[in-house]
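You will see subunit A twice below: alongside subunit B first, and alongside subunit C after that.
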Partner chain A sequence: MKGTAKLLLLSSLVVLYFGLGVVGPWYADVPFQGSIAALCVLLRLQTSGWRGLRTDLAFLLPFLCTLVAMGALLDAFAMANRTDWTEDALCKALVFPNSFWSIQLAVGALRLTDLVALPRGVRRFFILTHALVSKSRPLIERLWWLVCHDPSLQTGPWIIRSGRRLTVLLAAALIAVYHETEATVRVYDARMALLEENPS
Partner chain B sequence: MNSSGQSTHPSLREESLQHEDPMLLGPWEIGVHPPGLTYRIPAISLPYGSRVWLSGDNGAGKTVFLERVLLPRLAAMGRQVFLVAQDLLLQAHVMAAVLASRGQRAPRCLDDLVMAWCAPARPNSILLLDEADRHLSPRTIHQLLELPLAFVVAVSHQGRPCTTTHCFTICRHETLVHLEIGP
Partner chain C sequence: MNSRILTLTLTVVVALVTLFVRIPLPSRGYFNVGDAAVIFAGLVLGGASPKHPLLWGALAGGLGSAAADILSGFALFAPLTLAAKGLEGALAAAAAKHTAALRWIWAAVASSAMVIVYFVGEALWPSIGLQGALAELLPNLLQAAGGTLIGVTAFGLVERTGWLRDDDTAAR
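== the complex of A and B ==
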């Protein structure tokens, strides 16, 4: 399968998962989320092998551990009179990798040749989104390395240091992705204008 | 670990470093994976205030040496290391966010941004410049080399900056990388 049909199928599957498992009734359904996680792991193994899966886990685990630790901390202080912080954090720790993998697998399965057959307006949006999603991960990994080695973010207790690093990463990533989007749009529009002038 | 066998916090170790201590490097044999290079670094003692020019062919492994060999070892010695990375245009976003987290306004000019980011450097801090002259003006490079820091290591393809006191060359033979002193 390729072209528009492939795009529609992949988009529908991602929307279906988000509709049911992220904002829908099966958000806290552990067997459903577990099955999706197992399926994503298998597909990830098939597409990128152990190395790809290890890289994904190295990217996801620090965030997931922090999430669960925050849940336990909020539970310990009975924040907002709630006692389900840990449970909610554990749900999020399943839902987040599933959302991440579902988008990553869908984007990874799409080729630019699948997108060129789309109508002009939609094509521009999908090609730009595809390019940005592909660039974002290495960009964020590099930003995280730079943040972790920034001498101004090396001091203080672990929790404060990690919080400052995450804040700086978020701000830097927003600016970087914004700049990257502008650059990608400029290159795409210039290339399309050139192709329209010289169609051969 | 200190003499009583307890681990020492990096900031305490840094305070224990005398400002004018020489920098001792090597001898090290370090494998870096990826990209699968082995670095052989001889024992080197650099006097306080040294300005080192690091040269080498494209692809010899200068950036990997700075980021994966030198920086982690200097940090483990308790040194505060400021790295101006080769992808400075990307790092500029981190620098701007760091300045904002300090409550400072980030300058729009890249040269001013780098100078403001380096401002908290102390006399025992170390500055690593990885081809910063591709993005910064010669005046800013000169100002960075003149900062009152313990050591500065600068990678440059534009020729040896006049204020450098030492010159090292990275030489690569297949997967083995040597650090040579000179020319």
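== the complex of A and C ==
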């Protein structure tokens, strides 16, 4: 499927689900939400396997438990004169994983080549950001390693030590990544100019 | 100093620092130190950009944090993050030209604005609601306080290096 069509299809599916199942008439429809959940789990298993599903559940389950606990707490205090907080929380506990998975599946289905169809300025931003994130991530990891091993940042309680390290990391990362950005922008512009001069 | 290159740089720094330290949270997603980077980005852009510093601050803070949400699989929160962190970045940019004491106050206002936008956004979000928003409030306040402290201190550090006033950097 071509980039534009794929982008349109994925965004339409997400908007359709949110329109019907999150803010629309099927919000509290248990069979509908259950079917969507089953479909999402199957697709997640197909794309990321058991490991991906386990990671999702590790994120979702504590949230869902807190959500239900907060609902019960609000019910106990009859907050805003309502007595349906727990019921509402259980509904959310069914809808939230679906909305989480629907976006995650849509974003996961996008490839860099699909972005070629985007307008020139947006494409430039995405490609430059993609390149910079790939180049700067190891740079920041190296800086963090250095900061963590600096003898002057080894003293004090954990929270003070971590704060000071992060402060130094931010200042060092700005200067290092700025020079990386300048170089990347120069290379991108030169390559685009060359491609426009010699399209073949 | 080239504002566009500086904004792109800080967008990437915000995204990477947000991704760097993450502690999973029961509600919104994860506790991160991205707020420190957002405040820092706003202050740097406010101090270095002669034109539209608030816009650049909002772009770096909002887009960097939203990109981190998308890259880490929490794309659901990206629109809310874009609004909350964008506002935080813009208000932090407004703080840069003030005196040290006022800068701290502006940065605290910026962080508080982020907490309020998240709270209202989550309370109105159909699948999160008031329960989720309340559960999120304390971690967000802690994140905001830490972010203000680290972001303003890091900006002071960069100011002391003279890098923002460097003729060689400014000429580029």
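One rule holds in what follows: the second predicted complex is superposed on the first by the 119 of 200 C-alpha atoms of A that agree within 3 Å, B and C clash if a C-alpha of one lies under 4 Å from a C-alpha of the other, contacts with A are read in each partner's own complex, and residues count from 1 in each chain.
Going forward, a contact is a pair of C-beta atoms (placed from the backbone, for glycine too) under 8 Å apart; a residue touches a chain by one contact, two chains touch by 3 or more.
All figures in this text were calculated on a predicted structure; none of them were measured in a lab.
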Subunit B versus subunit C as contact partner of A:T167, first or second or both or neither: both
According to the stated criteria, A:S134 is in contact with first (subunit B), second (subunit C), both, or neither; which is it? neither
Is A:F100 touching anything from subunit B or subunit C once the two structures are fitted on A? First, second, both or neither. second
Of subunit B and subunit C, which one touches more residues of subunit A? C
Which superposed partner A:Q154 touches (first subunit B, second subunit C, both, neither): first
After superposition on the shared chain, which partner residues are touched by A:L143: those of subunit B (first), subunit C (second), both, or neither? first
For A:E182, is the partner it touches subunit B (first), subunit C (second), both, or none of the two (neither)? second
For A:F59, decide between first (touching subunit B), second (touching subunit C), both and neither. second
Please write out, lowest number first, the residues of subunit A touched by both subunit B and subunit C across the two complexes. 167-169, 171, 173, 175
Considering only the defined contacts, which subunit C positions touch subunit A in the complex? 2, 5-6, 8-13, 15-17, 20-21, 24-27, 29, 33, 36-37, 40, 44, 67, 70-71, 73-76, 126-132, 134-135, 146, 149-151, 153-154, 157-158, 161, 163, 169, 172
Residues of subunit A defined as touching subunit C within the complex: 22-23, 27, 56, 58-59, 62-63, 65-67, 70-71, 74, 79, 85, 88-89, 92, 95-96, 99-100, 103-104, 106-107, 128-129, 132-133, 136-137, 140, 144, 163, 166-171, 173-175, 177-178, 180-182, 185
For subunit B, which residues are in contact with subunit A within the complex? 10-11, 67, 71, 75, 80-83, 85, 87, 90-91, 93-94, 96-98, 100-102, 117, 120-121, 125
Give the list of subunit A residues in touch with subunit B in this complex. 139, 142-143, 146-147, 149-155, 164, 167-169, 171-173, 175-176, 179
